[in-house]
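Below are two complexes that have subunit A in common, paired first with subunit B and then with subunit C.
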Partner chain A sequence: MKTISTEGAMLQTVTAAIDWYILAPVVIPLVTAAILIIFRRSVGLHPYIALLALAGNIYASFELLMKVKLEGPLAMTMGNWLPPFGITFTADFLGAILTLTSSLAVFCVALYGMGDASSRERRFGFYPLILTLLVGVNGSFLTGDIFNLYVWFEVFVISSFGLIVLGGTRKQLDGAVKYCFLSLIATTLFLIATGYLYGLYGTLNMADLSKIVAPLKFEGPLVVVSGLFLLAFSMKAAAFPLYFWLPASYHTPKIVVSALFAGLLTKVGAYSLLRTFTIILPVAGDSWLMGVMFYVGVGTAICGALGAVAQTDLRRLFSFLLVASIGFMLIGISIGTETALTATIFYMVHSILIMTALFLVAGVIYEHRGSLDLRSLSGMNKDLPFLSLLFLGLGFVAMGFPPFSGFWPKFVLISETIKQEAYVGTFAIIFSSFLSIISLGRAFAFGFWRPLTPNAEDEVAAQAKKLSVYSKLQYLPVLLLMILVTIVGIAPGFLFDLSSMGAKGLVDTSSYIAAVFGGAS
Partner chain B sequence: MESYLSILVGLYFACSVYLLLSQSLVRILIGIALLGNGVNLLIFTSGRITRGVPPIIEKGAKVAEASIANPLPQALILTAIVISFALFAFVLVLSYRAYQEIGTDDTAKMRIAEPIEPSHLPKGY
Partner chain C sequence: MNTLILRTIVPLLTGLMVIYSIVVLLAGHNDPGGGFIGGLIAASAFALYGIACGVAPVRRALYFHPISIAAFGMLLSALSGVISLYKGVPFLTGLWWFPEIAKGVEVPLSTPLMFDIGVWLVVVGSLVTIALALEEKE
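Take a look at the complex of A and B:
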């Protein structure tokens, strides 16, 4: 019997405790979700436990980001198997920034849920589901293995299935059918692409794939695989022409649930595109396929904004704005220069925060008026002055006015499209922003400025009596997000530095690969 | 062997796309189930087929003596089966509930969330 050294394949020592840190943003919500299911009878405790854990999760994500900032990308492998054998977790700047942002967004959603999720809905698992959704999203941001990415996709997809039917009204079931079927098909397409990728190169580790694919030509089966990835992730990110499921479903579930979806889910699709076409398949990122993605992005930005102008339901209006924002990201990814990627990462962070906030503010409006239909909403600047100020502020953020966070990435992206002579992109971004100003301006004019319509007075008075004790508290998460985007807007330097380091790591993959394989040499 | 399986996978995908393009929820469901099975077969094929040598290593040894079947696709497929089974069970129940509530399984008639009649904002106030 031969004796074989396992030195090249396995860590000979126990993984240092500090390396486990990278798992914290996944493990904390997962364990908390399990604890909440154990305490399923005492649903009164759920929000407190969840909020505590989520606060801890924000701290852990922040520490992870600081650690990445200090030491560069971090990596750890499960079960002592060295890459590419074991499943790798890799935290680079991109992953760490997005993990922190999504943890912040989920914290705000959980805070809002305190007043919004009834005890019946909590018994059906509202809090465990939002936590497992965060597990899936954070896992996607941090994993370094493409099959593992598929598994995390399914983790948040199944959680979102549970959340979208919570309540079970007719409208919800109709929206859920569209959402669930198309999500399932999109993730299956992703799995098909992963299967081909494995068949071609025999590995699923992102850093390993990057090394193998980098010297290849963009031809043959690689084109098919890249095209499939583009298709699958565009579907998940709600890009033109595959976005119709989003405005068909995002206005149907509970408002707090749609806030969570709007903040996180499409961004994971955009993140995966960013990851796939920079680190995993670098040659595809320099090919004609990016031209396709560019026009997909242009179509998304314009169609999304056009859709927003046509809506009368506030949540559907926001859904279309969400689609338009995905278009900006796709334009940024397809241009693919370091500056464009910096703007894309910045814009992603901004979009997670602002989209959550917009849907939550819709929730506050619904709480006070019992409707989100702009045909009947009216006169809110009279009796809800603070809310109208908040709505106007958030509107400015979403439109991209300075000094808020939306301005900077749009500014950089527009100047980069001009520099790269991609004038169609310049036009799309400006035109789409212009349309979003019209749609949000109209929403403000009708819902807030318009004097209270005479037949609405009784309804408003009736709704005011129904206000829950939590109605004041529901301003808090919106305010928190508003403060965050304002700080980011006034002092964008911090986030810009982080985003540009993230972009640098995507353009020059050597630090990512070194982090994964560093332990092996 | 791989070529035959590839053709089979292609057949699976073709049938499933045909069913997915249908308007009836039940057909779409069957299409999704077929698609899931096709993918599993695809991963199995892309891991290369080796006949008759199970990937079992003798006690005490660190590597196999002879060449063995690739065990990784099996792990991947197992994961994929579990996931697609769970999700399929969910959408199956969802379709049934939607049929109960909405009274149709024709996707063209499921317009509760997006009513057909146009809604316009008034021109002014």
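Take a look at the complex of A and C:
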């Protein structure tokens, strides 16, 4: 047998076991999901196994973040190949922070699912599906290869298809069709753009692309590719004018499922935009295309908040607030200075936590009242004082009142728009926040302050009888998230440091490239 | 489809197809073939058996639920990558092992083979699930 010299193609150094933290957020949920499907009949055990794995996942993501904080971006190329030929996983601050946050959010969702997902739904794969969804989301945050990013998109999109039809009522299928149709178009556009990109530059490794594209002018095919990426990711992120699918589908699945979607899925779209227009295509990040994205962001922020004011269904209201929050992120990305990116990353973390919490609190309300319609909800401050307090607190977080986590990124973003003389953005953020105060205030006034309407009394009494032993447990994940956002709000320094380091890594791509190719190149 | 000819020939054919699918699976490392295409052949064998003899005999013959088979394949493939953790090489690196089963007869075993068997199981499991669900509706 002829021996082939692999020196030029393979990594010759030993990979330390500690580097495996970069893969743990993907491998742990994947293996756990497989085990849960194998034992699909013992649904009673599913929540415990899943929660254990998710707790391990949080630990691993935290260790990864700490490692990145100590040593800078971390990379591992699969199969012992050298980049750009092997598929690289690259964890920079941005990826590591978002991985930790999404793992936290999924843990809370799984905890909520203990009381909410029936054994039939568990047999249909509730826990395996939320785990594979986390696999896809974490994979997207950590991958350093743009085609691989597409694959992770597919992983979480397919899991979300499974979750959205869980239960299989007519209304759910209606929402699922809209959701699936738009997801498929968006991912197909993403794939086309990726193919085009490969045709142009012959590589899909993000760090490699960054090196190749950086000295180029923003013209010709690069404009088309960047435009396609902007379109595809904006669709996934639910940006103006392509956000209609989100409020049309997010109120149909199980509440715990919509909490998961609201927390994670749109943020992956926003993350991809952030990644694409900073590290992968830095020239596109300095071009007129950012002007387009800026106005898309302004439109998203304002239309989302306007939509929220008009809703009577609590989940649709939250869906529109989610759209508005995406608008803030787009404004931040399009301004693109280090401060704006810091605020964007901070806001993404805040948004993952608060959106999950808002939808879960809607679930708690549904548990107690059997409805989420603001026209019939009433008098909850009388019999559910703790829930009222929680809702009010979460409302304050979402509106961006100090001392909660929503205040700081908004404050920084507003001051940065003023500094960059992007006054339209300043206006959009303030106006949108103002409208969200109105819509959430209205929800509180109707659902909690308004005395119990006479014909609702029987309904409430009937619903109270149906409460399971788990109904107290439902508060726990919401409370957990509430504590998290409060801590972040009171002591924002920690997250701010991390976000600003993340932003620094996006503005100056050298550390990212060095992590993949080694210090020499 | 309840014809005598089909019912007589299909059990034999199914066995042949499954054996062939395993040949394709094992050939896959150096020649055309592999877990995916082998899995498709095996899945069509079980689907054919279902068409000829009904869904219940197929489920009995498989013993495990097809979805569990697919999940086991997923587990196998994922773990084939994790093995490289102990060798200090990156995820999914191909590792080889040549046990000598008889004098001078070496059997090359590897993590790519384990990965491929996982893929084979995933394809068989998921496609048989779909095929049986469709055949049951009739």
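Remarks
Simple rule for what comes next: the second predicted complex is superposed on the first by the 508 of 521 C-alpha atoms of A that agree within 3 Å, B and C clash if a C-alpha of one lies under 4 Å from a C-alpha of the other, contacts with A are read in each partner's own complex, and residues count from 1 in each chain.
Throughout what follows, contacts are C-beta pairs under 8 Å (C-beta built on N, C-alpha and C of every residue); 3 or more make two chains touch, one makes a residue touch a chain.
Quantities reported herein were computed from a predicted structural model and do not represent experimental measurements.
Judged by the touch definition given at the top, the superposed model places A:V283 against neither subunit B nor subunit C.
One of subunit B and subunit C touches more residues of subunit A, and that partner is B.
Shared-chain residue A:Y196: touches subunit B; no touch with subunit C.
Within the superposed three-chain model, A:L452 lies out of touch with both subunit B and subunit C [touch as defined at top].
Residue contacts after overlaying the shared chain place A:N80 against subunit C, while subunit B stays out of touching range. Contacts of A:A248 after superposition: subunit B is touched, whereas subunit C is not reached.
Of the two partner chains, subunit C is the only one touched by A:L30; subunit B is not. Per the touch definition, subunit B reaches subunit A in the complex via residues 20, 25, 28, 32, 35-36, 39, 42-43, 45-47, 60-63, 72-73, 76, 79-80, 83-84, 86-88, 90-91, 94-95, 97-98, 101-102, 107, 110-114, 119-122, 125. Residue ranges of subunit A in contact with subunit B, taken from their complex: 1-4, 6, 147, 151, 154, 157-158, 161, 165, 168, 170-171, 173-178, 180-181, 184-185, 188, 191-192, 194-196, 198-200, 247-249, 251-252, 312-313, 374-375, 378, 442, 446, 450-451. Interface residues of subunit A facing subunit C in the complex, by the touch rule stated above, are 11, 14-17, 20, 23, 27, 30-31, 33-38, 40, 76-80, 86, 89, 128. If you check the complex, the residues on subunit C that touch subunit A are 65, 67-68, 70-72, 74-75, 78-79, 81-82, 84-85, 88-94.
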